[in-house]
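As written, the chain order gives the labels A, B, C and D, with residue 1 at the start of each chain.
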Amino acid sequence: MKHIQNFIIDFGWARIIIGLFLLSLFILAPVADVRIDTSISDTVARFGMACVLVLAMVPMIQSGCGLNFGLPLGIIAGLLGATCTMELELKGLIGLSFAMLITTVFGTIFGFFYGKLLNKVKGSEMMIATYVGFSSVAFMCMMWLLLPFKNPKMIWGYGGSGLRTTITVEGYWLHVLNNFLSFRVSESFVFPTGMILFVLFMCLLIWGFFHTKLGSALTAVGSNPDFAKASGVDIDKMRVISVILSTVLGGIGILVYQQSFGFIQLYMGPFYMAFPAVAAILIGGASINKATITNVIVGTFLFQGILTMTPSVMNSLIHTDMSEVIRIIVSNGMIIYAMTRVNKARQKK
Amino acid sequence: MTTSGPLLQVEGVSKDFFGTNVLSDINFNLEKGEILGLVGENGAGKSTLMNILFGMKVISSTGGYSGQILFEGKQTSFKNPLEALNSGIGMVHQEFSLIPGLTATENILLNSEPTRYNFLTELFGPRLSTLDRYEMQIRAIAAINKLGFRLDQDMLVSQMPVGHKQFTEISRELDRKNIKLLVLDEPTAVLTESEAQILLKSLKTLASDGIGIIIISHRLSEIMDITDKVVVLCDGKIIHTSKTSDTTVDKIAECMVGRSGVLESSKAHAQKEQAQKEIILKVENLWVDMPGEHIEDVSFDVIRGEIFGIGGLAGQGKLGIPNGIMGYFESGGNVYFSGKKCNLGNPREALDQEMAFVSEDRKGVGLLLDEPIDWNIVFTAMQTKDQFLKSYLWGLIKWRDSKAMSKVSKQYINELEIKCLNEWQHVRQLSGGNQQKICLAKAFVLDPKLLFVSEPTRGIDVGAKSIVLDTLRKINKQKGTTIIMVSSELEEMRGICDRIAIVDKGKIAGILPADSSSISFGKLMAGVGETL
Amino acid sequence: MTTKNLQLKKLLTLDNAAHLLMRNTVPILFILISAMAIPLSEFSFSYLSQELMTRLIRNSFLVLSLLIPIIAGMGLNFGMVLGAMAGQVGLIFVTDWNIVGMPGVFLAMIISTPLAILLGLICGIILNKASGKEMVTGFVLAFFAQGVYQLVVLYGMGAIIPIERLTLVLSRGYGIRNTVNLIGIRSSLDSAISFDLGPVPIPVVTLFIIALFCLFVVWFRKTKLGQDMKAIGQDMHVAEAAGIRVLRTRIISIIISTVLACWGQIIYLQNMGTLNTYNSHEQIGMFSIAALLVGGATVSKAQISHVFVGVILFHLMFIVSPMAGKNLIGSAMLGEYFRGFVTYGVISAALVVHAWTRFKTNQRQRQHLRGN
Amino acid sequence: MITHRMKLFQLGLVLTFIAIGSILFYVGKGHDLILENKLITIGPVTYKAAPSIKLIIDDQKAIPVNSGFANKAFVVGASHSLKAQILDDAGAVIKVIEKKFKLSLHNSFLISMPALVANDPKWIKEI
């Protein structure tokens, strides 16, 4: 019994409830005559789409900047990368990798200034990150209207200036990762190996980063800034690096999302995109100042599992689509749960 | 109702924390209108005595105390500080508990403001009554006048000079309705000389109004000139109590510090003959802005290969010296390390010049509690000297070399006898003694030329203490590392150091060879000794 | 008196002037923006003043409800959205029971107050648990409550909670429609007693209620509870040492703010006339806080004057920017987005300035401790 | 530390609010009235459609209820008065019936013109 006790305290009640909830959905699926293979194919696809966005949370949590509610800033870097590449009419895998290159450039610039700002407001980073995210999205809404894009597939039909709200990536890099080495598991389940491999490669990259000297210094800044300062680590520099990494990953994450989803969502698209990513990593077991790659993978799988399963199972069982309400309650409930546990951890020390 | 008996009688009070005896058989009493000076080194039991008097939870939660305390002849034991306050005992702590944004009046009357009744209090409780600003003004002025100090009661505390803050805090206690006994903990620590004189004079006027006063202070000159009676505490026992007029500063200083007069035999090595006399560290007018351990203007030299001690009472600034030089806190002045001037304020530069520091704040600065032991030991060396790293792609990627890390951790675990399951155990689960050994190991891995060690033996078991001290001696003898040890355990320092500097009120009161008499050390600590 | 001329002398120093300028940058910035935008938008003065008047009476109560948590050091209470939801539930029931006119408005307030108190209590307890991160927790709590609100209103009402009037219910038989017509209580407060001052209709009753609320805030600051909150807002530990029950007082401040936000939302909706059930409360939190900050309030200090200056300036910009954008660059959308950007921009600027000045004041306080 | 005395006052406050709430409910309750001028059978008796009538409820505008048709009216509160002006073909007023009536808390009611003209006690009923 003691062992279970420790497991519960360590894993946290909220995560257990969510885990059981997802399990029950999978069990109920056949009862609600929902095809198991389509659900799993959906979950795997959505896992691939969201995983890098959740991975983007890790660097900032590790360095003690807290949960990155300013993810939209990274997403904007990704959108700029995508739109510029489409403007240059680059297609296929080259197009996608070029987009990633531009995104990395924009992401580094945005991340640098965003990191500098967060260093000035130590202690209330999350609130300011939220509003920096919101204001940058609102600002970009204006920019999408003003930036001189010419590609007819992107601008409004009747020759007006300004980009459409959603731009299809058809013919550019739609499913370019998904179809790479993809194989058909069952009649309606095609395994997107390319995307999953790319995502796991990114996870490996970040896992490796945290094994280097720079990565260990960054972790130390997160768990005890005074210790890091005493050991000669330049705290502010580490925090800026973590923010840049997080912003670039956010950009790459949205590119991976788009190539599978099929559309680039501009204007208010990225407005609320930070919350599902934050909720996912918390469901995976991360805390406000400690996150591992396993948290990312477990959290993304659990969260996306719930998002895919609730509509199908719920619909057939009680004929109402409650999935939107459940998503809001689960993701925001999880964030509040993590916020209230911060003090518990501090009291323990 | 002025009872003829003494205001406060403490009879046979003793207290132990988990077996270690902190107070044993304390007896003294205090008459109305009498001022008693309570003197003693750190850890002598003064604060525990006060906690008992005020019924702090820390006492009742650790098994209460034996013996009894009579207040105005009645047997009392207060369950919490509020009860003590209501029955007329006020306490002024060392660090201010004032609200910066409120005026002096509002602070003096905090949570005991006079109010005017209105109907809503019937419904929602007394806190909806409005404040009677006029009445507050009167009570504040009355409390301030009791002190005889001209204080503007409408000024915001945030704009007040430090002295005024102290007077505001004292007048808050005086405002209590039936204040009979006032306890002050180091009241003059933050005051200038003139403000201290005014405070002492006003305390005298309070005493003449019949209020009993207990002053906890180590400024023997002030104790001598204001108190009627002196009680000297040492290691939980009263070893000297008498009328102030019958005793002298030397007597008090000697009792305050000297345990056994004879030095511990373990100080084997005779006074090291400083042949080469080369100065490794020269410090000139160093100031350090460390909260609670402020350094005004300190200058001293340390000879290569020496074990240099820095002593002094808590809050006088001794801890500020290593923290300032290592760049943990804002500091200024000139510090020359083996001849080269180093600029202060950046820990990296100090570490690059082969200086290492074992901080007094183990959990806060010294350790990564949620990381394994090998991480903690190796981290600083890894960051500053690129040790324990395998580099690939011509040094582009520096990968943690976990094999080298666990090898060096195993080596120090055996050498320092660190009791742990393995080198991957999280440091949070280890005992205080083992954690301190890990901090030491972290510094030794850097193989520094100069090692600062701050409060190395505080809060650790006796076994660990001797290992820590022996290792420091061994390092100093074998590798010739100069060690600067900051500690409040004067006896330990006399056993291991060559010379000891005493810090008082942010300045060096004096530097004495380790084997000089305890009286001279006591007087330096009490701010009355003459510097060497 | 010594402190008086000391303060006066201090006022004139250059350092203080810069500090004053720094503290009021936001209102000054907004005056500039509006000054430029008004001529561009070609709105007539009478239209603007009419529009401003309606917005003033519609929003001031809500913005005022933010003052008390600021006094108690809880920062900007994003959790006021919970109060708005309680108010809307009250309105839904009143519309269902077909209670009209002023009785309808006050009945809505009475039946939604217990719900607001409960929500305020829960919000207060959670904020206490996450002390140090009150604002972001309140922000996420508002989203969480949005989910629960939808659960209750979109699925509960009609199915579990009986709703008689079918015009309120969705075609599928349960859940409230997206827009509810509050025709019964539409501007019943505003037009109860109103006279026209030039082009502008002056609703006496609503203004009286808002004035009453301002008096309450002034009176509240004078009570012992108000003083306790002020002390807690400055320094929680010292307040605790003085025997003030900190956690309980903070919860009370959140409950008061939630209940006032609930009443404020009812006043807002009776002026609007229609309730869009699932998103009218969402914007309220954002706009009220933006308005307060535009008025020059900071996260730790707010006066009643900030509320009114803020509401006027913010909504002036809100009305004028779309038209200005249209006339300037020919697309109203740009003006809309500009308005959104300025709203979020002002809140992030205020939050950054607050965090930065707090960092600076700590440094300035330690200045005198530095050696020569 | 809510004292016993405060509990009493708080209970008093809650009761007064409940009282005020019910008064507001009672005063503010709105009712939809359907005015019907068609053939109606109440119990054993059936009444044919009455000639067209102009109905004035409280001091609202007159509402025409032509023979064979229906109309709607909205009133607030419980006690009301109505004045029915029965018109002949040329529109001149032949007869005026005045009535005072109290409405229950039910929402919508049916007023049948023929029953009203014929002074049948059940001229108004809840629907």
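As a working rule, a contact is a pair of C-beta atoms (placed from the backbone, for glycine too) under 8 Å apart; a residue touches a chain by one contact, two chains touch by 3 or more.
What you see is a predicted model, and the numbers here were worked out from it, not measured in a lab.
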For chain D, the least number of touch steps when starting out from chain A: 2
Chain located farthest away, centre of chain A as origin (C-alpha): D
Geometric centre distance via CA averages, chain D-chain C, whole Å: 42
Centre-to-centre distance between chain B and chain A (centres being mean Cα positions), rounded to whole Å: 48
Interchain centroid distance [CA atoms averaged], chain B/chain D, Å: 84
Separation of mean Cα positions, chain C and chain A [Å, integer]: 32
Shared interface positions of chain A, touching two or more other chains: none
Which pairs of chains touch, using the document's own definition: A-B, A-C, B-C, B-D, C-D
Contacting residues of chain B [partner chain A, same complex]: 326, 328, 347-348, 351-352, 357, 359, 361, 363-371, 375, 379-380, 382-384, 386, 389, 397-400, 428
Of chain A, residues touching chain B in the complex: 211-214, 216-217, 219-220, 223-224, 226-227, 229-234, 290, 349
Touching residues on chain D, where the partner in the complex is chain C: 17, 20-21, 24-25, 27-32, 76, 107
Residues on chain B engaged by chain D in the complex (per definition of touch): 122-125
Chain C residues touching chain B - in the complex, by the definition given at the top: 1-3, 6, 219, 222-225, 227-228, 230-231, 234-235, 237-239, 241-244, 365-366, 369-372
